[in-house]
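What follows is a set of structures for review.
Common to both upcoming complexes is subunit A, partnered first by subunit B, then by subunit C.
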Partner chain A sequence: MSETRLKILQYITGIGLFFLVGTHLIVSHLSGGEPTTWESIAERASSSFWLAFYVLVLIFGLYHGLHGLRTIIIESIPRLPAKVVDWTLVTAGIAIFGYAAYIPISAF
Partner chain B sequence: MEVKATGSQSRHLPNRLGIKGWAWAGRYTIERYLYTLHRLTGLGLLLYITLHLAMNGFRLGGVESWEDLMSVFGMSGFKVGEYLVAVAFIFHALNGGRLMLQHLGYTLGKPKPPVYPYVDSMRRRRPIVWVMLALIVALAIYVLVAFVI
Partner chain C sequence: MQELTLKVQRYLPGKDKKSYIQEFTIPLRQGMTVLDGLIYIKENMDNTLSFRSSCRMGICGSCGMLINNFPMLACHTPVEELGTDRIEVRSLPNFPIIRDLVADLDSLFEKHKSIKPYVVSSDTEEAEEPTAEFLQSGQELEGYVQFAYCVKCGLCMAACPTVATDALFLGPQPLGQAYRYCTDRRDAGVEERFHQADSRHGVWLCHLAGACSEACPKGVDPALAIQLLKRAMIFDSLRLRKKKKPASIAQPLAESRPKIAVPEFTVK
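And then the complex of A and B:
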């Protein structure tokens, strides 16, 4: 994929994360009540809306974060071959996605 | 002497300053320091998300494992950390929006003839930066008052 398309995807995921992470921060971290009790997370875990929400946050977050990291690595360590950086980050991204998506899917 | 580009240098201009260039390479404008802060908050958020995902794994251990972990996170130090993450998110999101509009050319303004005293487009559009910073401070105070204190 061209650098321009990768960058446009970075913008799209950034805009998406603004709303998705904003919602997650308010609902699960900053709001009143007990959003992190076992009962509360079990209730969200049984909802297909929250399952889709978490998987979407994960996809957007991993792409945005790892593409940002790729930009910094390639710019800061220019001797590293770009393909090595790309494949390392893609492998790490798939592994993290598998682990992180398994948690809400297994609880659903 | 011709220097052959290696690795990613073949696709990008060489970065002669390295990470030191994030902090100093002469007279930087405020936008350049916002760029550095954007990267630092991005790396911080990436580190936080990695830890967050690792902590989520405690849910697989059942109710006892989860509640043991949550009792640690109830400490005041973690509340401060959570607030800093929220502020880093606010900064990264708003500055990212500004960068996006700038990269796509929407906030650069119309070109002007180079008449002395020269003022580049970045300085002409400086009010956008001040508005963004004011918004970040206002949101940081709002989150502090509404959700933390």
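And then the complex of A and C:
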């Protein structure tokens, strides 16, 4: 994929995160209630909407963060082989996604 | 008589392991530039001092140096403007030193060449044997003319914090020139330049520090050009970029033109 397309995705995920995390903040923390109680977590975990919502937050957050990290690595260690950087980050991203998505999906 | 202290970076490859600063105290004249000071040292105090200069009027871009920690053209920097009688002059950062104040600008020229800094013609026949000039409106010219004032002095590259960390980064000068030619309606090399700028060390590594635009002695604003290039590349990637119409060729002049009556000579 071209660098421009990767950057467009970076912008889209950035804007997406603003709204997704904003929604999470309003619903879970600013609208009253106790977001960390067992009932509250169980209620969200059993909802397909919230499952999809948090998986989306995870995807957007992972892409945005890892792409940012990639930019820092490219700039800091310019002569590092491109494939090494890309595949390390893709592997790390898939592993983190699998681990982080397993809990809400298995609880659903 | 007022005096000026010039602290000049010295480095002789093969002899010096690393560069050092040598102080020279010279008489200060009114309207003196930093380049005048260096020429005075070379002519009267130490003829081994090496620096580049040519036009002495900010046109050729040869005398780019780091003056009091800011990249400037020595010929374009009056001493009075610096507001001090102690001036430190170093070779341009982000470039290897050849000797004393002479920076090796090869990397700049290589990067500049890589973006095809010339009008790429789609009409090879016309390019080989031109029959007339390409037409261009004033408005079209205004779209890129400020970027065409670049003198390739390398000050923007020396000021860029990204070039400082990533030597492979194309940098403000080549990217600014890439935009300059991409907006030219006579040009048909947009795809090639976009491809070059789309590399890992291309346009997307620019963090918009703006140091390049601040350093440019010709008011080129490479930071603006890079942002416009980014926008054009995003539009191109989303297939939203408007294809520019190729510039038309001027009609050949008519064989016979109405003659303007020449007035009679008043003096015989």
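Going forward, the second predicted complex is superposed on the first by the 105 of 108 C-alpha atoms of A that agree within 3 Å, B and C clash if a C-alpha of one lies under 4 Å from a C-alpha of the other, contacts with A are read in each partner's own complex, and residues count from 1 in each chain.
Quick note on the criterion: a residue touches a chain if its C-beta (ideal position, glycine included) is under 8 Å from a C-beta of that chain, and two chains touch if they have at least 3 such contacts.
Predicted model, so just to flag it, every value in this text is computed and none were measured.
In the superposition on chain A, A:Gly68 makes contact with subunit B only, while subunit C stays out of contact range. Using the contact criterion defined above for the overlaid structures, shared-chain residue A:Ile103 touches subunit B, although it does not reach subunit C. Touch counts on subunit A: comparing subunit C and subunit B, the chain ahead is B. In the superposition on chain A, A:Ser2 makes contact with subunit C only, while subunit B stays out of contact range.
By the touch criterion defined above, A:Ser76 lies against subunit B and subunit C together after alignment on the C-alpha atoms of chain A.
Shared interface residues of subunit A, touching subunit B in one complex and subunit C in the other, are 3, 7, 74-76, 78-79, 82.
Contact residues on subunit A toward subunit B in their complex (touch as defined above): 3, 7, 11, 14-15, 17-18, 21-22, 25-26, 29-31, 36-38, 41, 61, 65, 68-69, 72, 74-76, 78-82, 85, 96, 99-100, 103, 106-107.
Subunit C meets subunit A in the complex at residues 162, 165-169, 198-205, 233-234, 236-238.
Considering their complex, residues 6-9, 11-12, 14-15, 18-19, 39, 42-43, 45-46, 49-50, 53, 56-57, 59-60, 63, 66-67, 70, 73, 82, 86, 89, 93, 96-97, 100, 103, 143, 146-148 of subunit B touch subunit A. Every residue of subunit A that touches subunit C in the complex is listed here, in rising order: 2-8, 71, 74-76, 78-79, 82.
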